[in-house]
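Next up: the structures, one after another.
Consider the two complexes below, in which chain A is the common component and chain B and chain C are the respective partners.
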Partner chain A sequence: MFLYLPYNTFLHRLHPATKLIGLILLLVVTVAFTTPAEQLPGLGFVLGLAVLSRSLSNLRRILPLVVTIMLFSSTTWSLFRRVGVPFWSFGPLSLSRESIQYGLAMGIRLDAMLLSGMVFVSCTKVEEFAFGLRALGLPFPVSFALSLAFRLVPLFFTRIGIVVQAQQSRGLDLQTGHLLQRARKYVPLLVPIFIYAIRDTDLLAMALESKGFGMRGTRTEYLRFPFGWRDAAIIAALLAADVIAWSGR
Partner chain B sequence: MQPLFHIRDLSFTYRHASHPALHGITYTHQAGEFTAIIGATGAGKSTLCRCLNGLIPAFIKGTLSGELTILGERMTGRPVYDVARRVGLVFQDFEAQLFSTNVELEVAFGLENFAVPYEQMRDRVREALGRVGLTGFEGRDPSTLSGGEKQRLAIASILVSRPMILVMDEPTTDLDPIGKRDVFHLARALRQEIQGIILVEHETEHVLTADRLVLMREGRILADERPQELLSDPGLLETNGVRPLQTTVLLRRLGLPTTGLDVDTAFHIIQDAGWRADPAAVARLHQPISNLADHEPVIDVNAVSYQYDAGPAALDAVSLTIRRGEFVAIIGQNGCGKTTLVKQFNGLLRPTKGSIRMLGREASSWSLAELGRRVGYVFQNPDHQIFANTVQEEVAFGPRNFGLPEPEIDARVVEALQVVGLRGREDEDPFSLTKGERQQLAVASVLASDPEILILDEPTTGLDYHGQRSILDLIRRLNQTGRTIIIVTHSMWVVAEYAHRCVMMQRGRIVADGDIRESFKDPARLADLALEAPEAVRLGARLGVPVRSVDELYGCLTR
Partner chain C sequence: MREVITMWKYTRMVVLVALTAALYAAVLIPFKLLPLIPGITELRPANVLPVICSLMFGPAAAWGSAFGNLIGDLLGGTSGLGSYFGMLGNFWYGYFPYRAWRTLSSSDPIPWSAGRLARYFIVSLLASLACAVQISWGLDMLGFVPFHILGPLIGLNNFVTASLLGPLLLPILYPRIKRWGLLYTDVMETEDLWGGRLPYLAHLFLWGAVLGGLILGIVISLGVTESQTFTLNLPGGAHWSLSLSDIPRWGTSVGTSLMPLIGLLVVGALLL
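What follows is the complex of A and B.
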């Protein structure tokens, strides 16, 4: 994926299926808790993983998003959730100690989810992601199509950039006009972009076919991730965390 | 001896097409042969390539008759993967045929599909990367490679499956001179290990090393000879949309045998026949090509630097003055900053540092729309901008955006179509035009806004010789009527024959800038930049005449 960071940490070396299962188990833990005190260790754990996988630089890139989510979800939940004894209220809005706590917990939960996803994509290549999905039983064409989608996004954006510049050179102005006028201005962009999308996918399909993509029967895999004791230990530990978190609720 | 492969009476018509793309092709390829295929756009070259590896008829639908056999085994009607194991196909567009996130995985993809055991895969990937000179690139993201490296990676990803036959469909069209050179070196070296090589190519001088040269026309094989024989007929090549060697064109005009294909042989033939430089004609050459030194500057670039986010500087303190009426060619390798520079001229990009004056005013004080109207920009690929239902509407788009009154727009459209030669085709669907005509349409759509300066990015790429000549002659006419022209190109004969002035760039800087004759005088300097002057210029140098084209050279010889 385009956020992948090419380091060789132990998180990078984990079996991709371990990372996928681990990510899901981690998300399940964060859903178990509803107070900031319970949520914070989870967030701390995710940050620890980020340090271990050297993906802090990627987390920094989405810092504005992290802050926005935190502010937005803690204020809205605090104002709208009716729990405890409100010490302030105005129409449908109210604030109580419990609702503020709940709001903060929700903010931390969403951030922990976002950040753990970010750590995952920082240490997993698209091909490894697809490999992990296959290891979990997804058929090859489906996993490959998923990974290809990630690959096509940047290519598509490059094409869009060129078309926008070509039309701007001919005086296309996307800034002015009311909504309907502006919508109409997208036609000169959409037609070439659409044609290119068709052409690119057609060429890509031919390139894939030419490399034996349509072949039936078993394939071999160039990637090889031995499933080691680390993988087993990590899944066991996260599973235990899930059981404890959910039974303690 | 059993041939490596044999095509018998092969015809193919694309679904929904009215004419066959291939028409009764019969061809036999012996093991060890290297065949180059040439021909105009639409001659059926790519269609033939796609028949060879089974994409036709298994993947691309249509009506097929005839058959293909490899070592006596019938291939027609088999699934693509079955044929593709024996016949590898490399496409022209290297962007669209690469899809992995690192070089190693890209190469391994075919092996995985063909179920090669894991133990062998590593060795074969390493071997294939070594073969194309990409050892050490294993972990790189293909999108960070240069054009030439990408195309060699595409070749490695095919080689790794060890096909018997390697088919390359215009692998160098989008490459700069260095990238082209590397791919041709590779193609020649591969003759040692691949039994059959088929190369579709536009550049005539590169097909000389092939064993056979096949000329296609309208879906048929028109000639199948040794390159030396076929290339010595410049008239035949030219009528079939292939650029003839300049040496043979000159020899023919001098009434000499056209067997001198390379500069050295041609030089001896000319000398032995008693032709020599005419001092009076040579003296006339030394007058400057254009006398524009007293014209006012229309573009004045002052120490401009430009940086894309988080990259190295794409332009590094570039200064340049272009005067009204000049015809300037900007050359240099892919990624040297050519396009970044010209995009500053019409405001698509704005300098990170330094300043530009356009038409006597600070560029920063013009809006993109104001600049766009005065500085026309024709993008490399016309299909990046064509969208309208009719030719008329397409050309009217620019002037309408710039707010011209309707009667004037109509007049402008008529004029622009007249200039590019598409008058009378106003109601046609732009997508039904040929690639060459679409390129002309793109020029017309920019011309209609009546720009004083016209920038063209790679105007000849993807066109056959006929298409290239018509767009270049059009650009020259526009220049002669007073417009300032700036082209970005890799094609040296285009630079030599059409431009007045040549600006050479390297790593974001201008490394040479001057009159064409001056710029092309020093072969060593050009070689430093991985460039080579066209044959006519080199032949002229041998004869002591600093010419730019065959016409000039012919005019300077006397007996």
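What follows is the complex of A and C.
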């Protein structure tokens, strides 16, 4: 379910806030470029990070998606982007050397962003993600709700499985019919799944309040992540890359 | 819009944010296998959840939809800069239904009668289009997918799902949630709920922003603004013509041209 890979690499050890800021700064760099020649080094850099964080196994899992996205994005932008002198056109569609270059650049950009996100989730635990958000100033209840939601997703998958099995034992047939027919059979299951999910709200709220949730004052943290010179250096380097990339446009 | 901030002091609302987000993500993730635009959007039966949760849990559903979409992207392997626009779009998708319903009706949002069903469709359409315009504007600006492909697709995907499934699910779920005392109006104190400032003007702004945004976005994205001219024949042989290139825009791209309308959407949301 979760894509986190429990290694002890340089990227894993970074402060969670550095990972969050670094991810955004990296994504912002990719937006600055509009030609394949400019985008390829960025993609190469992200692949380098994947090797460094030993998250290539996760990248392999989404390889078909990465290829499909590349093809789709490149094709649509090549056909619809009106730049340069077209050598082929049909209605709103046209192709020029510049539009194909732009399409390729957009495909690479989208892939670079997708892979950056995958590297991030491969080396960041849910609790680190929440800690990073709090370190960046997000109020505790908001970061808590987000991390609680992350943790509840696998639980809900299990509950959905229980509901499906219970209905199947009563005769619900989810195996026959084409894709849409089978999808339609899942619709009535939304009611018990929803009720199952929501009925614990009061219990969960009481459990939280009994543990001091909502108390005012400074909170103490069980987890501690030191912010070192490496974190500062990485943020400074990425910030510089952003400035150079955007000022050179 | 005050209650989207004040709700965080209620533990039950915080829990409802997490539950809505987790449920949304849990139903979204399996359908990542049925993409409509690879890596961007897919068949989403889960899209009914933000609308029905909004009518029951109010602001908790707005945050829950935003977080649920982000979690779906992160766990489904489709995260990127576009996920933040997805988050914002889904926030609107969970925010507008309950706010718009309050200005259209004082009764419970159970679509039993034709009038209430019509109102349900109106609020669903508004939320669906707001989400579509917000996300498509952002993703076109980032260079992911052209606006004219993504905008109608998201709008249709959201509205069709919410219209087909919402009227079936709400009459079953709403009375039960009400009995459990989990409606946002029961959980939150009256003084923390926002009555809205100029809600009818807000409706005007919002519909102008979403319809104008969708049409203008498609027109610019298709590149027809440079060539199209509309001519109106007036009595006495006179005529008045308007070239689409005469329409004041901030720029030539979808990103800059739609900015005033996105601003109008935000102002409408603040006034609603």
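What we mean here is this: the second predicted complex is superposed on the first by the 223 of 249 C-alpha atoms of A that agree within 3 Å, B and C clash if a C-alpha of one lies under 4 Å from a C-alpha of the other, contacts with A are read in each partner's own complex, and residues count from 1 in each chain.
In the analysis below, contacts are C-beta pairs under 8 Å (C-beta built on N, C-alpha and C of every residue); 3 or more make two chains touch, one makes a residue touch a chain.
From a predicted model like this one, the values you see are computed outputs, not experimental measurements.
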Based on the superposed arrangement, let me know which partner A:156 touches: chain B (first), chain C (second), both, or neither? second
Taking the superposition on A as described, I'd like to know which of chain B and chain C A:187 touches: first, second, both or neither. both
With both complexes overlaid on chain A, does A:106 touch chain B (first), chain C (second), both or neither? second
Comparing chain B and chain C in the superposed model, the one touching more of chain A is C
On the A-aligned overlay, A:142 touches which partner chain: chain B = first, chain C = second, or both, or neither? second
In the overlay, answer first, second, both or neither for which of chain B and chain C A:45 touches. neither
Scan A:72 for contacts with chain B and chain C and give back first, second, both or neither. second
Based on the superposed arrangement, let me know which partner A:205 touches: chain B (first), chain C (second), both, or neither? both
Examine A:213 and indicate which partner it touches, taking first as chain B and second as chain C; both and neither are also allowed. both
Quick check on my understanding: which residues of chain A belong to both its chain B contact set and its chain C contact set? 1, 148, 151-152, 155, 187, 190-191, 195, 199-200, 204-205, 208-209, 213-214
Listed in rising order, chain A residues that touch chain C in their complex are 1-3, 24, 27-28, 30-31, 34, 58, 61-62, 65, 68-69, 72-73, 76-77, 80-82, 92, 105-106, 109-110, 113-114, 116-118, 120-121, 139, 141-142, 144-146, 148-153, 155-157, 160, 179, 183, 186-187, 190-191, 193-195, 197-202, 204-205, 208-209, 213-214
Interface with chain A, chain B side, in the complex: residues 50, 53, 55, 58-60, 79-81, 84-85, 88-89, 91, 93, 95-97, 99-102, 104-105, 108-118, 121, 125, 139, 143, 157-158, 161, 343, 346, 348, 368-369, 372-373, 376-377, 379, 383-388, 397-398, 401-402, 445-446, 449
Residue positions on chain A within touch of chain B in the complex are 1, 4, 6, 125-127, 148, 151-152, 154-155, 159, 162-163, 165-173, 187-192, 195-196, 199-200, 203-215, 217-224
Residue ranges of chain C in contact with chain A within the complex: 8-9, 11-12, 14-19, 21-23, 25-27, 29, 34-35, 37-40, 43, 45, 48, 63-64, 67-68, 70-71, 73-75, 77-83, 142-146, 148-149, 165, 168-169, 172-173, 176-177, 180, 182, 221-224
